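The two complexes that follow have chain A in common; it is paired with chain B in the first and with chain C in the second.
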Partner chain A sequence: MLYPDTVEAEILVHKPWFVATMFGVVLLLFMAFNMSGTSFAELMRPVIGEPSVSGFYGRFAIAFAIAVIFTLNVVLIGFAPLKFQIGIVWLELLLLFIAFFETFHLSLPFIREKLPFLISQGVVTTLYVSAISIVIASVIAVAGAVAKLSSNGFAYAIASFYTSFFRGLPLLMQVYLIYLGLPQLGFVINAVPAGILALSLCYGAYMTEIFRSGIQSIDRGQWEASRSMGFGFTLTMRRIILPQALPVIIPPTGNQFISMLKDSSLVSVIGVWELMFLARTLGQKTFQHMEMLISAAMIYWMLSICLELIQARIERHYHRSKAR
Partner chain B sequence: MTIWNRRLVTMAAAALALGAYPAHAGAVLDRVMAAGTLNVATDANWAPQSFVNASNELDGFDVDVAKAIGKHLGVKVEFITPGWDIITAGHWAGRWDMHAGSMTPTKKRAEIFDFPAVYYYTPAAVAVHKDSKAKTLADLDGKVVGATSTSTFEAYAKKDLTLDAAGAPPFEYKLNPKEVHSYENSTTAFDDLRLGDGVRLDAVVSSLPSILDAEKAGYPIKQVGDPVFYEPLAIAIERGDPELSAKIADAVKAMKADGTLSKLSEKWYGQDYSKTN
Partner chain C sequence: MSAQAIIEAKAVSKWYGQFHALKDINLTVHKGERIVICGPSGSGKSTLIRCFNRLEAHQSGDIVVNGVALHGKMSDVAAVRSNVGMVFQHFNLFPHMTVLMNCMAGPMWVKGVTEKEARNTALKFLERVRIPEQANKFPIQLSGGQQQRVAIARSLCMKPDVMLFDEPTSALDPEMVSEVLETMTGLARDGMTMVCVTHEMGFARAVADRVIFMDAGQIVEEGTPDEFFSRPCHDRTKLFLSQILKH
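Entry: the complex of A and B
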């Protein structure tokens, strides 16, 4: 249900037809795979004997056991209250991912040894590059949105050319253009400023469109009412339009921030020692780059989760008026 | 001159020269000597030539050679690690003064760079998966071969290699692949090769040292056939500074004469690659 209501209905995962279908699908799916070489098959050894020679019976038994466990799991979760459901499903998916990473046989001591440098050099660089870029991009976005909405031909033309150009070019290309192109004009900038400039300009263009659509989503009557009260442009924007537009703008902007955090890895091509650069470099000599890549992936994920939480908090703040 | 004045002058000069960056003779050398630091560009992902070591610092053969050259010039050496395509694009604009990253001097590259000195030669070889049935390079006819993008290995696989440096031994194309896949570095190519014989790749062309290194690290690969060519590898600088070029050439010559290069090569490769075999 999109909004919680008081209409009583049986829970979907407890309806017999749904449970039966789920069971059937899982059974067929796992029969399609040969699971006889896995550790789960080892667990089933008392039932099916030597897994590798158990044949069709072995396959069926393994798939049956998995289907029973899976269905039981889903049905039981169905009984739990909402918060528990979310927590348990998160935990289970997380465990599945950990099991997946287990298959790489990562060397944990190596990760532990390199983690401090990965954080002190890599995460710090990634964070400050993205943080500065986010601030600049937001400023550009506000200016760009206002320009795109204005009736001034120059402002509109410049802003629309800007959004079109920077949304239309791959970010990597922009990094190259700014790093290699600007010196042709006599401006030699270093790798970090070049990266920040590229990220800000690219994300500024995307966010311009987000801000513009947010501002446009406010009914025209609000603007007219405000103007008729004698409010000027700035005051109308600040007190009437933006406060109403922000709840619309925040979710896609949060998306942009998360995506920028990871796109900041593109500046590694111009030799900035940020998280992704180190992830690709540190394990190179000893051929342990999978360790570093997965560690970096986890760090990126954790940083994104922080941004997600912040976004959720701000959204809650702006949705007070809609809460019951 | 203030920075702005200088910038205006450079801009005007750049406009006049239609984008050609002006470096008057000796300009780079003067800057290096004045600053007391030689900014060296190198790859951070090219073990054992240059890589990040256990104490998180750049290390390797190229790095040691660059440091030795710095010592000859009497300046400190600092390293910058831009991507290979950024370095080979030219227009360094004073961001770094010298490239010590095993660059092969080719005619095309000589249009952008000066190569003051060849400091060693690497045998290039072909690696296949351990399970491969290929016994000779001829067995790889019509197969899929991987190599680092824009490297000489890729050029060799595509039969587009020019080795015109002084002292480059002659070679012939012994590989007739159906398709050449480009990779960002040799490790990603080895990663595809390790998936199995012919899964994504049948063979990888790379430097013999990196193949041996990967093998030592447990990659299921092996060398097939003899080295396909000996690649001369040189220090590169931007064109237009004969003074710096002469200084670097002197330094490398001295290092060859007093055995420093041989010693460094022994240290990193276990063999003396500073001479052609």
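Entry: the complex of A and C
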């Protein structure tokens, strides 16, 4: 939450000028579109007659109706308590999305037929590729962060070269370089390990920087107190510094996890049968691309939501020692 | 003096770049002795006691603590540190652990004491600093004075041979200073060897065996509280005393 000011403020969506402006903007916006072919225009038939010949009056009436519904909706939501507001707005946005997908006239039987395979092969592969990569990337990140903060020239040089290189190349190129480049050196590597290696190295580089800044955010006094009690470096890091750095590290790391989940789709270019690969290939035979792409999109979204929830939970957990 | 020396500093010098922070310091702290170090800010008094457990490194001279010479060797330094307690100006409690865990951590992780024993020791010392009822709270829920007393208890749990205090009351609100000073006085009464950097002259007068005045990285004057406060011989000491005792 932002800092809640204690000055009493009238609810924005109940201020007359705001309601009027919102109404005006929505009205103008929808008058700019020709809505006469939509099902909403069909609903308006009793008022405007045949939509396609209703002309300016028809346009105005449709836009007016939409503006009234929209404004009324917002004003009413303004009366609800915070939790309901969040829920209602989420639900409405979701309905709009579903209405949007509805316009593609997707074949549901086709989706139902392919979905089990999409999940059992695609989701499983996506999940295990990203899960393994996340674990390896986190390990690299801790080591990299310590190396970047150390006074050892070799460690610093290696770590900064590593982060610079892997943050500097497109991930897609890294996937190709590892899959096609390592065999040049005599290491023939399968697609899945190559993908995991590329993802771990790339995200390890980003997360090195996140961990470094997290460790640096901890007050020097914590190190001094630990060292003055005879704690060694590893003990101090593991029991004192990292646990305190975690609340700082977790939000950006959550970002990285979500981002990694989706970037794992890049390993489809080397033929790993993960979610994206299957979504493209399953629809190809019957030209039902949209069905599979949208299904895959929804699955990615749901997996991301799971990660978001986990992140929120962990953040709540670490909030404990900050509460007065 | 016949008592055994716990800290011996001989001809200690330290530089920060070009700045000569400690100049040829000679100081011996004997077992059971209470020493107060005072002086204007930037005079090197904090730096000196931070050298005693090597939070700072000195560049020349020798510091011997409990018979172990402090130099770059990590194992020696760690051995010294676990026997030297330190209390900081800003408490430096571990905010992610409860008060009890703050006190148990050192004995368990460094000395390998069992959890049960560590808990008993921690409770005993929390009792001693008179906040046993706060044991399960987090440091941020405590007042400054209480936090500092927890910090003292945390150091005591390590059963140190000597306690270093680095301006323990400087960051506290006035009404909390006395509770910390009382705790420290209690420790002194029980015979703890103490080196305190502090501006609390009342405490120095009441508790110290020896008062040391530092200025510009040197020990300018040292003596018993009585000598120090009533018959200071150096001009700088007189000036300092007149400034801090004015109010």
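Please note the rule applied: the second predicted complex is superposed on the first by the 315 of 324 C-alpha atoms of A that agree within 3 Å, B and C clash if a C-alpha of one lies under 4 Å from a C-alpha of the other, contacts with A are read in each partner's own complex, and residues count from 1 in each chain.
Everything below uses one rule, namely that a contact is a pair of C-beta atoms (placed from the backbone, for glycine too) under 8 Å apart; a residue touches a chain by one contact, two chains touch by 3 or more.
Small disclaimer: the values here were computed from a predicted structure and weren't measured.
Within the superposed three-chain arrangement, the count of touched residues of chain A is higher for B, of the candidates chain B and chain C. After overlaying the two complexes on the shared chain, residue contacts for A:P81 are found with neither chain B nor chain C.
Contacts of A:K285 after superposition: chain B is touched, whereas chain C is not reached. When the two structures are aligned on the shared chain, A:G168 is found in touch with neither chain B nor chain C. Looking at the shared chain after the overlay, A:L235 reaches chain C, while chain B stays out of its contact range.
Once chain A of one complex is fitted onto chain A of the other, the partner contacts of A:G153 are absent, as it touches neither chain B nor chain C.
By the touch criterion stated above, A:P183 is placed in contact with chain B alone, chain C being left untouched. Residue ranges on chain A touching chain C, taken from their complex, read 219, 221-222, 224-225, 227-232, 235, 239-240, 243-244, 320-324. Of all residues in chain C, those touching chain A in their complex are 53, 55, 78-79, 81-82, 84-86, 88, 90, 92-97, 105-106, 109-110, 138, 140-141, 154-155, 158. Note for the complex: chain A touches chain B at residues 113-114, 117, 121, 176, 179-180, 183-188, 190-191, 268-271, 273, 277-278, 280-282, 284-287, 289. Remark: chain B residues 7, 10-11, 14, 19, 21, 41, 44-45, 47-48, 51-54, 56, 80-83, 85-86, 89, 91, 93-95, 187, 213-214, 217-219 touch chain A in the complex.
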